[in-house]
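Going by the order they are written in, the chains are A, B, C, D and E; count residues from 1 in each one.
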Amino acid sequence: MFLGRVVGQVWATVKSPDLEGKRLLVVEALDERREPGAPKVTPVVAADPLGADVGQHVLVAFGKAARVACGGDGDFALEAAIVGIVDDFDIPGAPASWRVDLQREDA
Amino acid sequence: MFLGRVVGQVWATVKSPDLEGKRLLVVEALDERREPGAPKVTPVVAADPLGADVGQHVLVAFGKAARVACGGDGDFALEAAIVGIVDDFDIPGAPASWRVDLQREDA
Amino acid sequence: MFLGRVVGQVWATVKSPDLEGKRLLVVEALDERREPGAPKVTPVVAADPLGADVGQHVLVAFGKAARVACGGDGDFALEAAIVGIVDDFDIPGAPASWRVDLQREDA
Amino acid sequence: MFLGRVVGQVWATVKSPDLEGKRLLVVEALDERREPGAPKVTPVVAADPLGADVGQHVLVAFGKAARVACGGDGDFALEAAIVGIVDDFDIPGAPASWRVDLQREDA
Amino acid sequence: MFLGRVVGQVWATVKSPDLEGKRLLVVEALDERREPGAPKVTPVVAADPLGADVGQHVLVAFGKAARVACGGDGDFALEAAIVGIVDDFDIPGAPASWRVDLQREDA
């Protein structure tokens, strides 16, 4: 699982039936090597069963964990999903930019 | 899953029987670090059950998700597949180059 | 599995039910290319069934291994977990910085 | 799956019983960032159920797909296999070096 | 699977019960970009059911393959294992440094 920020959304009309009705969000991992606003690097597209918004911090899981998070029996045609909307984190030494848009700015 | 663009096709006569009759497309992930026309980096080869064309934007899934997308019981000898043909995306701050060839240019 | 150091913790109120009650730690892999205190690179978020503390060295596993480590039947919505708290390691040539905070400094 | 070129072979006497009798080939992904003859980067070792030769272009799959390709029930102790020997590919803009050793040079 | 060299060992008293009694070796992939003695990059920790020694060349597998190699039913809390001790390899163009410590120096 990784800690990222929702940076966008994707729409597809022609898609695997398992993806019908699922929000597909674009999530970028937090990475100290990059400044906010810097070029984005291959963001992940994750199904969102939790209702996250652009700008929110989230946890993303891959593989079977992602399918389980979407409520199925593990046989969905998806392999990345948001499994948590992050309220706060405590990572001593992390750059201030990581906290931009964090829900609990005062935490 | 990742957001990419179909950049080509591959043909193999000698192959795992599970790949018989499947279109094998070459997909490159969108990545802000690269300009269009720049050298390609290890593109993914994905089975295509949806009929995507070169130039189209697609979602690619790995592992069991890919096998499910191809209609099987999860025991195919393939581990990457196109699970969606992208109509449009909204990623504030993404480079204009990402929208090249996008179906809905005016979105 | 990789050898890392716990660098923080994450909290999420809205999350996949499988993550209820689980500590979510942020773990960074040891990497000789980086000096201690250097910018962090995409740390992993791992469930912690063992009670590791910030600063401790740990082993992290992914996928089904992570779910098994958390005591379930492999169907949890998580895909990274701490599977060992490292007492010591012997890696000739590893930088001294890797041993910072190691439990057995005198080993 | 990725598109690569067979660059060598590996032999192991002491090995997991599931690997007995299996050819183990070393495959390097095509990557525009590298010139032919440039230093190799962490090549993959893949079981070869198809009889590929050094220099041939191949498709490599990971995980369960690789085990299925080797004819088993998915419980082999291997996680990479050659699933196709590539005759030809059409990737507009790919460097000429990618076609070196390709079976159908005139395609 | 990848081709690496055993560079060390790790010990953990507090660990997932599935790891009890298992040797945990640190393995670094061969990579032409690095010279011997250069800084190590995020080495993998792999369970060793074969009895490999530091300095030996090995094949490492991930995921279910690793669990099968360790003799279980695939439900172990580990996801990397040594599946072969390499006697020799033939990779034309590979740097001489790759053969350091290789069992069959004269091969």
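As a working rule, a residue touches a chain if its C-beta (ideal position, glycine included) is under 8 Å from a C-beta of that chain, and two chains touch if they have at least 3 such contacts.
On a predicted model such as this, the values are computed, not experimentally measured, just so you know.
Asks: Which chains are shared contacts of chain B and chain E?
Replies: D
Asks: Need the CA-centroid distance for the pair chain A / chain D, whole Å please.
Replies: 32
Asks: From the C-alpha centre of chain C to that of chain E, how far is it in Å?
Replies: 20
Asks: Give me the residue numbers in chain D that touch at least two other chains, ranges are fine.
Replies: In chain D, the residues touching two or more other chains are 63-64, 74.
Asks: What order results when the ring of chains is traversed from chain D, passing next through chain E?
Replies: Here the ring, read from chain D toward chain E, comes out as D, E, C, A, B.
Asks: Within their complex, state which residues of chain D touch chain E.
Replies: That would be residues 7-16, 18-19, 24, 26, 37, 39-46, 54, 63-64, 67, 74-80 of chain D.
Asks: Taking the touch rule as given, give the residues of chain D at its contact with chain B in the complex, in rising order.
Replies: 1-3, 29-33, 49-51, 59, 61-66, 68-69, 74, 81, 83-95
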